[in-house]
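Here come two complexes built around chain A, the first alongside chain B, the second alongside chain C.
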Partner chain A sequence: MLTVYFWLFSLIAVLCGFSLLTARHPISAAVSLIGVMLAISGIYGLLDAPFLGIAQILVYAGAIMMLVVFVIMVLNSAKDRTTPRGSSYSWIGLPLGALMSIVIIAGVGRSAEALTADPDAVQGTAQNIGRSLFTFSGDAATGWYVLFEVVGLVLLAAMVGAVVLAKRSLSSIEADEPAEGAH
Partner chain B sequence: MIDPINVQILAAILFGLGIAVVLTRRNIFFTLMGIELLLNAVNLSFVGFSRTFPADAGSITGIVAPLFVIAIAAAEACVGLAMVISLVRGRNTLDTDAYAGMRE
Partner chain C sequence: MSEPAVPSALEPASATETVAAPTSAIADWIRDLCGDQEWLAWVVITLIGLGALAALASVSAMVLVWMERKVSAHMQLRLGPMRTGWHGALQPMADGLKLLFKEGLLPRTTDLFSYLLAPFIPMATALLALAVIPFSETWQLADPELGIIYVAALSGMSVFAILIGSWGSNNKYSLLGGMRAAAQALSYEISLLLVLMTAVLMSGETAMQAIVQSQEGYFWNWWLIRAPGVGFIAFIAFIISATAELNRAPFDFAESESELTGGFHTEYAGMAFAMFFLAEYVHLLVAACLGAVLFLGGYLPPVPALAFIPGPVWLLVKAFGLVFLFMWFRWTFPRLRIDQLLNLEWKFLMPVALLNLLAAGALRGWGWL
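And now, the complex of A and B:
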């Protein structure tokens, strides 16, 4: 039964991925990408990582894609019909992507016999993940705590950077305010 | 029980699709969304590999690392979309070829 769900989610993910590749409008591409992310979060649930699946839905399909759709609508680019899908030379990306897939599958397939599902693998529950993230000592990896704090700093820096970028574009619109820096 | 090699094959296919989207499409939003698809494929590969190790061999790492990838992806989307807004307000086009002069 688990395998049936896995193939179902895989089919949804790959079809939505192709839809992302061939979509005309950015909005339909964003919806396709949300479909990929929901399918992947379902596979996380099948792989005994339920917390990661929920974080995937909350952060990726919820926050990040909401931001992307919001910006697409702010820039009114859903009506954009002038930007072509690709140019004559950029279609080289299709065989390059296929080549990338084939090389990775061939490389992983060489060790297919060694890749067996371990029944003793850890469950990715919130309890196990929290214990691994927030314990200083013991058998858990101690480096995660510092990394967790650093990620907080990175998010703060990204927020400040986004505010600065948006502010400059606003001040260049207002003519009465002297422009800071060359535009 | 799901065969781990199938998870890796799915991750590789999604990664190839992401590469194709990033390299082929000329709309800025498609490039950004292709990068998100690449990150998702790598996360799936992490979780798939974490199922092949016993718990005392540190297989929780394969589940904690995608959490950090998700956090960094949020920061990347935040800054990337702010850059897209400030670029498009200046040039009023979404075609990435219009910004080829940025390298000069």
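And now, the complex of A and C:
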């Protein structure tokens, strides 16, 4: 049964990827990208990594693609339905993509042995991920909670930076707004 | 499937099934009947499960539509539908027939792809979420290890329908409704996730079935009461953020009639509109079931002596109690302004939910739960 699922998910992912590349409109492309992400999260599930699969839906297909769609909708409304399928720049991407797929196929072919997962060593459950991230013990070597928190801080710093960059200046924003009780 | 056509990397997954196979008597009976033909049993069980979900979704949506009309009527000292059947019980049927026979309009300036795709998404996410709701120990289509997070991921996906549909309609009312819906959903998603994480932290489980089992015994073992204060605050925060996620009044900015005519579904007619409408009520049921599972003991009776009443009845009683609460809100509170809504989330609800999560962690850490 798993093989059927695998082929179904792969087919969906490839079809959506194709439609992503050939879509005329950015919104269609974004929706296709969501399809690719959903199919790939299904494959993560098959690979015994349910947490990765669901995090993919929650974070990428849900939150990030929502922002992408939002930005596309705000920036250009329905006027560019006639965007050409590709530009002269697309032709640069073609050999690069071909090169990339050759590298990936060669790499996968060489390490086919290493890719056959050991059922006892499966690490993808939420419990295992939590343990490997947050295990406290005498050994300083176990657990990645410090790094985990640092990544959180870095993301917070990036967000604050974006807010600061986007606001021209705090006083001008306040000057734009009508005074309290003016209406 | 004996053909080794797929890289063997996929094989180990069968050793540790992530999605528990249905273990009910019916499933076993079908497996016996099919014998060696395992794929046939799989197909039949899956089809029966999907059929059951679709039936549950459509029947409950009809009941909920009727209930909404009656509740709203009685809140406003009216009678509501009275002519079709007993106290208007056949009214949703008549509504459904009317929508079914209406012409499906296709405005000329729409973006076809997104306009036609959008009505299917909310129904799909509603059915997928319904699949993990435990109606009893065995009445559950799937019990994934990460059930709670799965439902949270689906609730994020359903907003795409509003976004894509509103944009594809190529109508400024629709677009405004869609924009509001996206801002609202993105904001309230945060406090909803924090509340779900609080429930996970209290029970120590992420699977639906295990969360229900962790509330075994008398009703003071339900997480609403058992975790002093924390459970109650989490429940209130859940109700508020679920109301916002469901786009129901007083947070119904996506379709506020008095400002945006129909909001995101202004351009939809006939069955396309019916899909949005149905999905809205199935989502309401899913949210109510989720609240019952997390805080009200799911399918467990309030006292063990009442265990002779089957689990599904208990779950539905609790869920419909919560649905009544949602309807009560809708017909009691006036609609907020969009900035009030976002202030409520970012300046009040999210900090409260975050502190509540910390408190739950502290209770758990000191072993008081």
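Basically, the second predicted complex is superposed on the first by the 148 of 183 C-alpha atoms of A that agree within 3 Å, B and C clash if a C-alpha of one lies under 4 Å from a C-alpha of the other, contacts with A are read in each partner's own complex, and residues count from 1 in each chain.
In the analysis below, contacts are C-beta pairs under 8 Å (C-beta built on N, C-alpha and C of every residue); 3 or more make two chains touch, one makes a residue touch a chain.
Given the structure is predicted, the values throughout are model-derived calculations rather than measurements.
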{"item": "First, second, both or neither for A:D48, with chain B first and chain C second", "value": "both"}
{"item": "Which of chain B and chain C A:T3 touches, first, second, both or neither", "value": "both"}
{"item": "First, second, both or neither for A:V31, with chain B first and chain C second", "value": "second"}
{"item": "Chain A residues touched by each partner, larger count belonging to chain B or chain C", "value": "B"}
{"item": "Touched partner set for A:A63, first chain B, second chain C, both or neither", "value": "both"}
{"item": "Intersection of the chain A residues that touch chain B with those that touch chain C", "value": "2-3, 6, 46-48, 51, 55, 63, 67, 74, 77, 112, 115-119, 122"}
{"item": "Residues of chain B defined as touching chain A within the complex", "value": "1-10, 12-27, 29-30, 32-34, 36-37, 40, 43-44, 47-48, 50-56, 58-61, 63-64, 66-68, 70-79, 81-86, 88-90, 93-95, 97"}
{"item": "Contact footprint of chain A on chain C as seen in their complex", "value": "1, 3, 5-16, 18-19, 38-39, 42, 109, 111, 113-114, 117, 144-146, 149-150, 152-154, 156-157, 159-160, 163-164, 167-168, 170, 175, 178-179, 182, 185-186, 189, 206"}
{"item": "Chain B contact footprint on chain A (complex, rising order)", "value": "2-3, 6, 10, 13-14, 17-18, 20-21, 23, 26, 29-30, 33, 36-37, 40, 43-44, 46-49, 51-52, 55-56, 59-60, 63-64, 67-68, 71-72, 74-75, 77, 80, 82-87, 90-94, 96-102, 104-105, 108-109, 112, 115-122, 124, 128-129, 132-133, 139-141, 144, 147, 151, 154-155, 157-159, 161-163, 165-166, 168-169, 172-173, 183"}
{"item": "Chain A residues touching chain C - in the complex, by the definition given at the top", "value": "1-4, 6-7, 25, 27-28, 31, 34, 45-48, 50-51, 54-55, 57-58, 61-63, 65-67, 69-70, 73-74, 77-78, 81, 112, 115-119, 122, 125-126"}
